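Two complexes come next, and they have one chain in common, chain A, joined by chain B in the first and chain C in the second.
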Partner chain A sequence: MNTLKSPFFWIILVALGGFSLLPIVSGSTALREDMFLILMLMILASSINIIMGYTGYVSFGHIVFFGLGGYIGFFLMQEFQVHFMLAALVGGIGASLIAFLIGMPVLRLRGAYFALATIGINEAFRAFFTNFDLLGGSVGMFFNFAVYDAYGGAKNAGQLAYYAMVVLVLVTVATSFLIKKSKFGLGLMAIREDQDAAMVLGVNPARFKVITYTISAFFPAVAGAIFFFKNGLIEPGPAFELHRSIEALVMVMLGGYGTVTGPIVGAIVYERLRGFLITDPTLSNAHLVIAGFMLLLIVLFMTAGVIGWVRQRVPALRRYLE
Partner chain B sequence: MSATNSVILTIENVSKRFGGLLALDRVSLSVHQGEIFGIIGPNGAGKTTLFNVINGVYPPTEGRVHFRGEDVTGLQPYDLAKRGVARTFQVVRPLGELTVRENVMAGACFGRENLPLEKAERIADEVIDFVGLSARAEMLASKLNVAQKKRLEMARALAARPVMILLDEVLAGLNPNEVADMLNVVRKIRDQGITILMIEHLMHAIMNLSDRVFVLDYGAQIAEGTPQEVSNHPKVIEAYLGDPKVAQRFLEGTA
Partner chain C sequence: MNLEGLIASSIDGLMLGFVFGLMAMGLTLIFGVMKVINLGHGPFIVMGMFAILVMSQLGINPYIGLVIVILLGLITGVIVYFVAVHRVINAPELTTLLATFSVNMMLIGALTILFSTSPRGLDLELPSFRAGAVTVLGTRLVAVLVAIVVTIALYAFLYRTHTGKSIRAVANNRGAAELMGINSTWILALSFGIGTMLAMISGGLLATLFSFTVLSGAGLETKSFVIVVLGGLGNPTGALIGGIVIGLLESITTIFMPVSWVPVFEFVIFVLILLFRPTGLLGAR
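And now, the complex of A and B:
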C-alpha cells in the first residue's frame, strides 16, 4: 500500500491524535466535553464525505446510522450487560448491515431523489423507535447505575468513552484517506463525475455504491453507541435528529467536499462558531439560521470549501493536501 | 495481422425500439479481428444506438450480439469493458474534477486487465504520451479544450488495453491539423492489432482509413463492403449521398 508510505497520511493522524489528547493533557473536563462533540462531528462529517464527497451521493439523513448504532449498542449494554466496546462494535456492524439492505434499492436513485429518500429513511426509523415499546418508545431508555459500575463509575465511563471516540476518529479518518487514494476510491470518483462514463470504463456502480454506503454507515453508528453510552439515556428525538445531519453536511461543504481533511477542518470551524453563537445571548437562537446562510454562501461562492480552495490556489500542494 | 480473417464481433438481426421509434431495424454485421470497420449514415440513422447496443448501454429489443464467440447480449457496459470492449463518446465525457492522469488511470484500472493502481499509473503515462497529452497530465480534465478532450477519451479507452475499440466521431469538431494528428493515432492503434469500429461523418477520412464500411439509414442496413463498393452502391448513392458525383469525390478524397 503506497498510501501508508505517504507522509501526509501520518501527519494528519498524528496531528489529529495530538489534538484529541489536548483535554487529557490539560485535565480540563469542560474542554473534554467540547472535544467529545467535535470528534463525534468529525466522524459524522467524514463518513458523509465518503458517500457524498467521493461518490457524489448526498446522504441527508445519514444521522439514521448514528441513531441505529446508538439504539443497538444501548440495548445490548442495558439488557445484557455487554461491554460497551463490544456493544459499540455490534452497533456499527448492525447499522452497516441495515445500510447494505437499504442501499441496494435506494442507491439506484440519483441526485435529489436519493437525498430525499435518505431523509425519508431517517424519519421512518424515528417513527418506528418512537412507537416501539420494547425499546422504550417515545421516552426512550436509560441506564441503571449498575451499568456504569462495571467501568468504575460514571466519571471513569466518561473518560473511557472519550478515548473510544479518539480511536474511532483516527480509524475513520485513516479509512477515508485509504479509500480516497485507492483504486476503489478512483472508481467512486469516476461514478461521482459521470456514472454512465464510469460504467463504460468498467466500473460496476451498484456494487461500488453499496459497499461505500455500508462503510460510511459503520462509523456514525459506532459513534452513536459511544455517545449514548456516555449519555446514559437514549430517546428517538436526539438519536435521529435530522438537523444534526444537515449540520454535518455544512461541515463537509465548509471544509472541502471530497477531501480527507475538509470534514475535519469543517467540524472544528463550525463547532467553534456554533459555540460562540450559542453563548451569545442575542444570537443563541439563530445558530441554525446562520448555518443555513453559511451553506448558501459556500455553495454560491466557495464550492470547493476551505481545503478545496487552498488546493485550487496552490496546485503544488495538491499532491500532498488531501 | 495474421488473424485478420477471424470474426471478433457478430451482430445478428438486432433491433432496438424506443417507444414508437425503430432506431435499429434487424441489423446484422460481422467484424474481423484487426480491421477498421467504418460505420456511416445520415444523422439519426442509428449509428450511436448501434454502439450503445454493442457495448451494453442498451439491451437490444431483439437479436443477439456475440463478441469473441460469446453471447454478450444484454450484458452491462462494465461486463463488456472487462471483456475488452472500450469506447469513446461522441459528446466527450471527461471526469472533469479528476486530472488527465487520473482519468486515464481509471480506464486502465477497471478495463480488461483490471490493474492495480501503481501499474495503471505507469500505463496511463505511456498512453498519455502516445496521444500527446504528456504536458497536461496533471491538469484537471475539465480544463482541456475540445481537441484535447477527444484525445483524453481516446487515451482512456486505450489504457484499458482493449481488444476492440468503438470510436464515436473522434474527428468531429477538430481542425484539419488536429484531424491529421488524430488519424495518425487511429492508424497506430490499428497497428497494435486492436480492432476498430468507427462512426464518422468526415467522409474522406473514413473512406481512406476503413477496411470495410457499413451504411445505415433509418436504422436499417443499406450497404456493406469496401469503401470502393460502398461508394458505388446505387442505394447508398440514392438514399445517402444523393448525387453520384459526390460519391466519386469521396473516393478522390476531395469531399
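And now, the complex of A and C:
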C-alpha cells in the first residue's frame, strides 16, 4: 500500500476534514446546512467520477442509488426503529447489491447506450416508488418525531447527520484515491482508453466494471440515507431527481474528469456559484442561463476542468496533485 | 370490459402516437447523422409550444403559426449547432451530452424568465366528429394530419433531393461523404436544424392538445428517449412506429390499470430493449 505513504493522500484528507469542521468551530447553523449539502454533492460527484472519470462509463442516472439508499434506510428507521448509522449502512449495502445485479447486464452496453440505460433505470425506479404504496407511494414517507427522540431531539440528530456525512466524505475520497493509485485503477483506466486493448492485456473488463459500479453505488446510497434521515421526509421526486445527477456530472467536469480532487473542487465551486447566483436579486432569475453558459464554456474550451488545467500548466505538480 | 371503450382509446392512442412519433423523429435524426444525444430536445419542444402560444395571443391562427415555427426551428437548430455542438462533434459522448445539456439549461432558464412556470393552454375550438360511441376531437385529427404531412415531406426530402441524399450519406459515413465533395459541416448543421424543427413542430401540435408549462419538456424528452430506443436509435421510421406503440400503450393500458403505473412499464421495456435488442424493434438497418 504505497498510496498510504503518499503525502498528498493525507494532505487531501486533513484539508477536507479541516474544511468540514469549519461550521462546528464557528457554531453557525446556516454554514452547517450549506456545508452539509456541499459534502453530499462531493460524495455524489466523487462516486460518479469513479465509474465515469476512471472507467469512462457515463452513469447519467447515478442518483438512482441515492434514492434507493434513502428509501431503504428511511424504511428501516421508520418501521423498525433501526439506529440511523446501521440503517444507512444497510441502505448502502442494499443499493450496492442492486447495482451489482443491474450492472452485470447494463455494463455490457457502451457509450451512449449505457448513458441512456442509466436514465431509464432511474426513471423506472422513480415511477415504481411513486406507485408503491407500501413505501408511501407518491406522497412518500415522513418520520413521526418520536424517531428523533432516540438521538436526543431533532437538533442533535441534525448534528449527528453532519458528522456522519463528514466521515462518509472522507471515506469516499480515500477510496477514490486508493482506487486511482492501485493496479485495479490502472485496469479501469485501460478500459476507459480502449476496452479491447485492455482485454488483450489481461484485464477482465466485465468483472472490473461491475466491481467499480458496485463500489460507486455504495457511497451515494449511504449519503441518501443520511440526507433523508436529517430531512425527515422522503418522496420519489427529490429521491430520484435526474437533474441532480446531471449537476453532479457538471461538478466532475468543472473540477476535472478522472482526478481525485476534481470532484471536490467542482462541488465547492458549483454550489458556491449557484448560491451566489440565486441570492443575488438581479441574477436570481437568470441563474440557470448563467450556469448553463458557464458549463458550455467549460465543455468547449476547458475540457480538463480546474485540476486538469492546473496539472497541464504546472508540470511540477503533476506527481502530487491527483 | 366494453369493446367500444377499447376502440375509442385505441383511436385516441393511435392519433397521439403519430405526434409522439414526429417528436421522437427529431431526436433520432440528430443521433443518426452525428451520434449526438440531444439533451436540448425537451426545451426545443417547449419552444414550439410557446411560439404557438405567443402567435395565438397576437391573433395568428395556430396552424398558420406552424409554418413560422418550421422556420424558427431550422434557424434555432443551426445556431445551436454552431454555438454548442460543432466544436465537440468528434469528442466522446459525455462531452456532447453536457454541451447539449448546457443548451437545455440556458433555454429553460430564458423561457422561465420570459413566461414563468405557470400552466398555459391554447383556447382553440374545432368541431369534433362522432361515430357511434367514438368521438374524435377536431384538434387531434388536424394534429395527426399535420404530423403525417410533415413525415411524408421529410421522407421526400431525405430520399428525393440532393441535399437529403447528402444527409443520408453523411449519416452513413462522414469521411466517405466528404471525399465525395459533400460539405459535411453544413450538412450536420442542417440536420441539427431539421431535428430541432421536428421537435418544435411536435411541440406546437402538442400545445393544441394539452395544457403545458415551461417544464413540460423534461417528461416529453424522456418519453422521446423511450420511443427512439423502441424504434432503434437513428431510425426515423422506427421512431414513428415507436411513437404509435407508446401512444397505444398509454391509452389502452389505462383501461386495465391506473395511469401512474404506465411509466413503470415504459421504462422497464426501455431498459430491456436496450439490453436485448439495441437496434430496436425493427432490427438492424
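Methods note: the second predicted complex is superposed on the first by the 314 of 322 C-alpha atoms of A that agree within 3 Å, B and C clash if a C-alpha of one lies under 4 Å from a C-alpha of the other, contacts with A are read in each partner's own complex, and residues count from 1 in each chain.
Everything below uses one rule, namely that contacts are C-beta pairs under 8 Å (C-beta built on N, C-alpha and C of every residue); 3 or more make two chains touch, one makes a residue touch a chain.
Since this is a predicted model, take the numbers as computed values, not measurements.
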Do chain B and chain C fit side by side on chain A in the superposed arrangement, or is it a clash? fit
Can A:300 be said to touch chain B (first), chain C (second), both, or neither? second
Under the stated touch criterion, name the partner, chain B or chain C, that contacts more residues in chain A. C
May I ask you to decide whether A:116 touches chain B, chain C, both, or neither, giving the answer as first, second, both or neither? second
By the touch definition at the top of the document, which applies to A:198: first (chain B), second (chain C), both, or neither? first
So in the superposed three-chain picture, is A:190 touching just chain B, just chain C, both, or none of them (first/second/both/neither)? first
Counting only touches as set out at the top, which of chain B and chain C does A:182 meet: first, second, both, neither? first
To make sure I follow: the centres are taken over C-alpha atoms, the vertex is chain A, the ends are chain B and chain C. What is that angle to the nearest 10 degrees? 80
Looking at A:2 after the superposition, I want to know if it touches chain B, chain C, both of them or none. Which is it: first, second, both, neither? first
Could you say whether A:291 touches chain B, chain C, both of them, or neither, answering first, second, both or neither? second
Quick check on the superposed model: minimum Cα to Cα separation from chain B to chain C, whole Å please. 14
In the complex of these two chains, what residues of chain B are touching chain A? 55, 57, 76-78, 81-82, 86-87, 89, 93-98, 102, 105-107, 109-112, 114, 116-118, 120, 138, 156, 160
For the chain A and chain B complex, residues of the former touching the latter: 2, 182-183, 186-187, 189-190, 192-194, 196-204, 258, 315, 318
Partner chain C, residues of chain A touching it in the complex: 52, 56, 58, 60, 105-106, 108-109, 111-113, 115-117, 119-121, 123-124, 127-128, 130-131, 138, 242, 246, 249-250, 253, 257, 285-293, 295-296, 299-300, 303
Contacting residues of chain C [partner chain A, same complex]: 31, 35, 37, 83-84, 87-88, 91-95, 97-99, 101-106, 108-110, 112-113, 218, 222, 225-226, 229, 233, 258, 260-261, 263-264, 266-268, 270-271, 274-275, 278
